[in-house]
Amino acid sequence: MPADDSVSFSSVTVTLAGFPALLNLSLEVAAGETVYLRGPNGAGKTTLLRTLAGLEKATRGSARVLGVGLPGGERSLRALAGMMGTRSHLYEDLTVAENLDLARRLLAVSSSRIDDAAELFGVRGRLWRQKVASLSAGQKRRVALAGLVAKNPRLWLLDEPHSSLDAAGRDLLDKLIAEATKRGAIAFVATHEAEAGRAGGRVVEMVGGTVRPAASGGGGDSGPEGLE
Amino acid sequence: MPADDSVSFSSVTVTLAGFPALLNLSLEVAAGETVYLRGPNGAGKTTLLRTLAGLEKATRGSARVLGVGLPGGERSLRALAGMMGTRSHLYEDLTVAENLDLARRLLAVSSSRIDDAAELFGVRGRLWRQKVASLSAGQKRRVALAGLVAKNPRLWLLDEPHSSLDAAGRDLLDKLIAEATKRGAIAFVATHEAEAGRAGGRVVEMVGGTVRPAASGGGGDSGPEGLE
Amino acid sequence: MIRRAWAVARKDMLIEYHSRVALNQVIPFALAVLLTFGFALDTRDQLLAEIAPGLFWVVVLFSSLYLIARSFRVERENAAMEGLVLYGIDPMAIFLGKLAALAVQMLVLEAVAAAGIVILFNPPVGSLGLLAISALAATLAIGSIGLVYGALSSSEHSGESLLPLLVIPVLAPIVISAAKCWSDAESAGAGIYDPWLKIVSIFGAVFLAVGAAGFGPAMED
Amino acid sequence: MIRRAWAVARKDMLIEYHSRVALNQVIPFALAVLLTFGFALDTRDQLLAEIAPGLFWVVVLFSSLYLIARSFRVERENAAMEGLVLYGIDPMAIFLGKLAALAVQMLVLEAVAAAGIVILFNPPVGSLGLLAISALAATLAIGSIGLVYGALSSSEHSGESLLPLLVIPVLAPIVISAAKCWSDAESAGAGIYDPWLKIVSIFGAVFLAVGAAGFGPAMED
Amino acid sequence: MTSTLVRKAVGVTSLVLVAATVVMGLFVTPPDVVQGNLARLLYVHPPVAWVAYLAYGVTSIASGLYLWRPTRSLKWDRIAVASAEVGVVFTGLTLVTGSIWGRPAWGVWWTWDARLTSTAILFVLYLGYLALRRIPLSAETRAKRSAVAALIAFIDVPIVHESVVWWRTLHQGATVATLGANTKVHGIMAWTLLLGFVAFTMVYIWMAMLRYRVETMAAEIESTQLEAWEAERMAEAGAPDAAIGRLLESGARAPKEVPADQGATPK
């Protein structure tokens, strides 16, 4: 069933503590697409990602994500989605190795897979036996990304994925996303970077909790004078 | 005394829990300069900023920052520096207005000054009476920046300042930094953005806790294939 | 599910292994409380021996509150609980895993506190078996209810001192029954047919079931 | 400095105003504990009346621990304490401000708990003046020591349950003396020359001084 | 080397002195009129308690010296923790010997006497001090914070000492300090008591030295670790991005390791 690979939102509203963080948002995304979410602060990007992850519930409207109906299927959606938000989901008192070992156990994947992911993000060396509490911002991010890659989700939900990552890490992550979408995964990337989407993928401008009508073209995220 | 406006580090080492986060770092920065700190994850950028703010202590070596000697003068340095790190320093249970009012009282500045700063960052509207806990990532960032601008420090210490900010916010912040340095302030900006420093300012590449010898030229933060 | 529950339990035990919060902080705390109580309440030995069983369970309850709070604090730090949820695992696995780790810590705590009580307050100890069974049942009850209310009150902000308020009234009956159990254990005749033991066991089973049923809804808002 | 201390105190009171942690969580907690004790310890009225003063201070101490922990939790959330430090303000201002806000909350707590104790346990109340003075001194002592140890044990991780362990043994003498003060207050003859009041006041003054001296070094590492 | 010798000498001396105390206490001194042979605990229990005071006193002085800027050095911190740990051991011994004595003397292992309770509180106080030291912090921060805690904790020592006066208690009052006017402790008994005190002080010094040695060794390991890390950091600075670069050069490996068919599936 091809619909099972796609994402379709119809008039979804999500209220957080009474505030409509998403408002009548409709959106169709096909398998293999990369969607760059852009828009001013408070537009609802993070809320959209959390809804896609099954972490927030639609108050009105309905959606179908990878064959899972929302609201209702949040729990099964969570298993499919891979989310990388501003919080790392790591246990500060555990070492890098122990955190990723937990991921291995919960994902029921082989440990060589975890090792490879850790190797890929350069956290197998000195950091491997360090507590997460003692890592730099970008190092934490790398550990979290290693866990995400090990999960290899069908839905990548990345909230400002480049933040804290150095250039090599950004590059690596971009490649991983490209590779995953090539294999049919869908990626949502919330970002404020001006160059997002230049290399391909769809740019969706959000504002006021919904998708900005395509009319106005690019530049929705840029301020009055535009950047660059 | 002109030396009082500058920053000078000589062979500073800062150990965090026994790890040399900064190692024999020497650096001279003159009044009015903007320094972009770049380098791979774990290079020591954040630690350098925290040392400049008087939040970490030099274990070896010595420094002079705006006429204050380190180690030793940490407390007086804190009053001069304006730091914007990954943590916002905001009280989640207070409203935006109350957080900024606290800043006003502690800085002993006029309330119109606070209002102006808040206005500038667009947090005077609906958000003004909202608890910080209910703001989006970028909105929190804007509140913190409003407090920083109200302080108008002589030393701006910004750790990935663009993260979470939308294009308009980034633009505004860049202008503010330019304005401040024009008036003689010094700005340190830790960033992974490839375009940092293109428009002016000095780029300092860090790696392994110290400044990378100038030889290798630019691109230290970018991976082998470079970004863009 | 058992595998995942074990992974969760293992993680919580590892955190304890690294941070030694239960061992170096909560258990000595329990001893400090025993001392303060003994001193502050009164100085007549007879009286203290009488209230010792009640005191034991009160102290265990209070110390357990710190263990439960800690159990949720580690999940809150980087929204780690959200991370667990995002593995799509059954809340039941999280519940069982956290309960197992918590129960182990609580049992150690109870052993130390019991030794302290016996030395300091000198209450008669009768049937050890009776004591052990009642302690196990009460531990499961306290742990289960603690975890459910912990999940209920775990918000990003201002939730931490809500837990004791919610938990104490609910657990008061079981704590009282467990204390009575001890008092009964003193009389040699008491065995596993003790009526208070029955009550404690029923409470234990009911609260365990309530916990298992309530944790999922409490956690997944 | 007074201006800045006031700003800090005001902020803490505002946080309490918004979150109502002391009012809606800690004070009801204290009452719940009193009730549980009443049930768990025994049901003989005479006995309860006798131990009431000790119980009162033990409950106040425990509840205050939650208030103190809360006082530091709000500072830890977004590294807000670091923010305060970055205004270059004197640690003494932070200490005084936080102590003022804490003391106000504790005094309200004590008033409610005292009312609860009197209603539930029915102990004789003698000289109100004596009670009030001793309560004030004990409050300052508990608050000061609590803040110092709160600062000492404040780390990003695993510090929170250390506070009670550190604080309780140090405060045990003052809590006991304050309880004795109440017992003395029952006898009509007692006045402000009561020896226990003297001890409580001395402890209050010493701990306030120790707190003021220790907070700075404890906080600024 | 010399320090090892000193340590060994102190160790041997302390063992000899303890043996002498045992011999004197058990065989040479007469049994007490009232308590019989039980009174022989006199040669152990008070000395052990005093040595605990001594240990905490040393901790406090060392902590004070650390806090005082002109003498600030991590050496004091190491002395403080070494002494405190031995102090905890001796406080534990005080509690144990006291309990053993109390069982026949008072009929109970424990009673809520002011001296006993305050001694137990002293024990917990320093357990708290040791727990505080386990919070992960930099060595300097830890030293500073625990020094403050140690100074506050010491307030309890005079309380323990004066407790027999302040509260009317069951426990023995100051018997030994008023030796001249004393009829209970005299002659050979007093000398044995003094010997016990010297012996346990030597034991304390020996244990504290061993503990201090462990601390310095830990510090040395830390500094070698630091050197290793410094070397590593310098290498990093020399070979930028080596680790990451190598990974990326090994080409399409990344995606290959991430087969799309594997990974999490809903249960």
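To keep things simple, chains are lettered A, B, C, D and E as they appear, and every chain counts its residues starting from 1.
Here is the rule we go by: contacts are C-beta pairs under 8 Å (C-beta built on N, C-alpha and C of every residue); 3 or more make two chains touch, one makes a residue touch a chain.
Everything quoted here is computed from the prediction, not taken from an experiment.
For the pair chain A and chain E, chains touching both partners: B, C, D.
Other chains, considered apart from chain A, form one piece (clusters defined by touching). Among the remaining chains, A is positioned farthest from chain D, on the basis of C-alpha centroids.
Judged by shared residue numbers over all numbers used at their interface, chain A and chain B contact each other through mostly the same positions, with over half in common. Two chain pairs, A-C and B-E, are compared here, and A-C has more C-beta pairs in contact (counted per touch definition above). Once the centre of each chain is set as its mean CA position, chain A and chain B turn out to be 28 Å apart.
Computed from the mean C-alpha positions, the centre of chain B lies at a distance of 46 Å from the centre of chain C.
Put simply, the C-alpha centre of chain C and that of chain E have 31 angstrom between them.
Centroids built from CA atoms put chain D at 39 Å from chain B.
Among all residues of chain B, those that touch two or more other chains are 16-17, 19, 40, 57, 92-93, 223-225. For chain E, the set of residues that touch two or more other chains comprises 121, 124, 127-128, 131, 136-138, 140, 229, 232, 241, 244-245, 248, 264, 266-267.
Of all residues in chain C, those that touch two or more other chains are 19, 25, 28, 32, 35-36, 39, 42, 77, 87-88, 157-158. Partner chain E is touched in their complex by these residues of chain B: 15-20, 23, 40, 57, 207-210, 212, 216, 220, 223-225.
On the chain E side of its complex with chain A, the touching residues are 136, 229, 232, 241, 243-245, 247-248, 254-255, 257-260, 262-267. Interface of chain C with chain E (complex): residues 20, 24-25, 28, 31-32, 35-36, 38-39, 42-43, 45, 48, 87-88, 90, 119-122. Contact residues of chain E toward chain D in the complex are 67, 118, 121-122, 124-125, 127-128, 131-132, 135-138, 140-141, 144-145, 147-149, 151-153, 155-156, 159.
Taken together, the chain D residues at the contact with chain B in this complex read 3-4, 6-7, 10-11, 14-15, 18-19, 74, 77-80, 82-89, 220-221.
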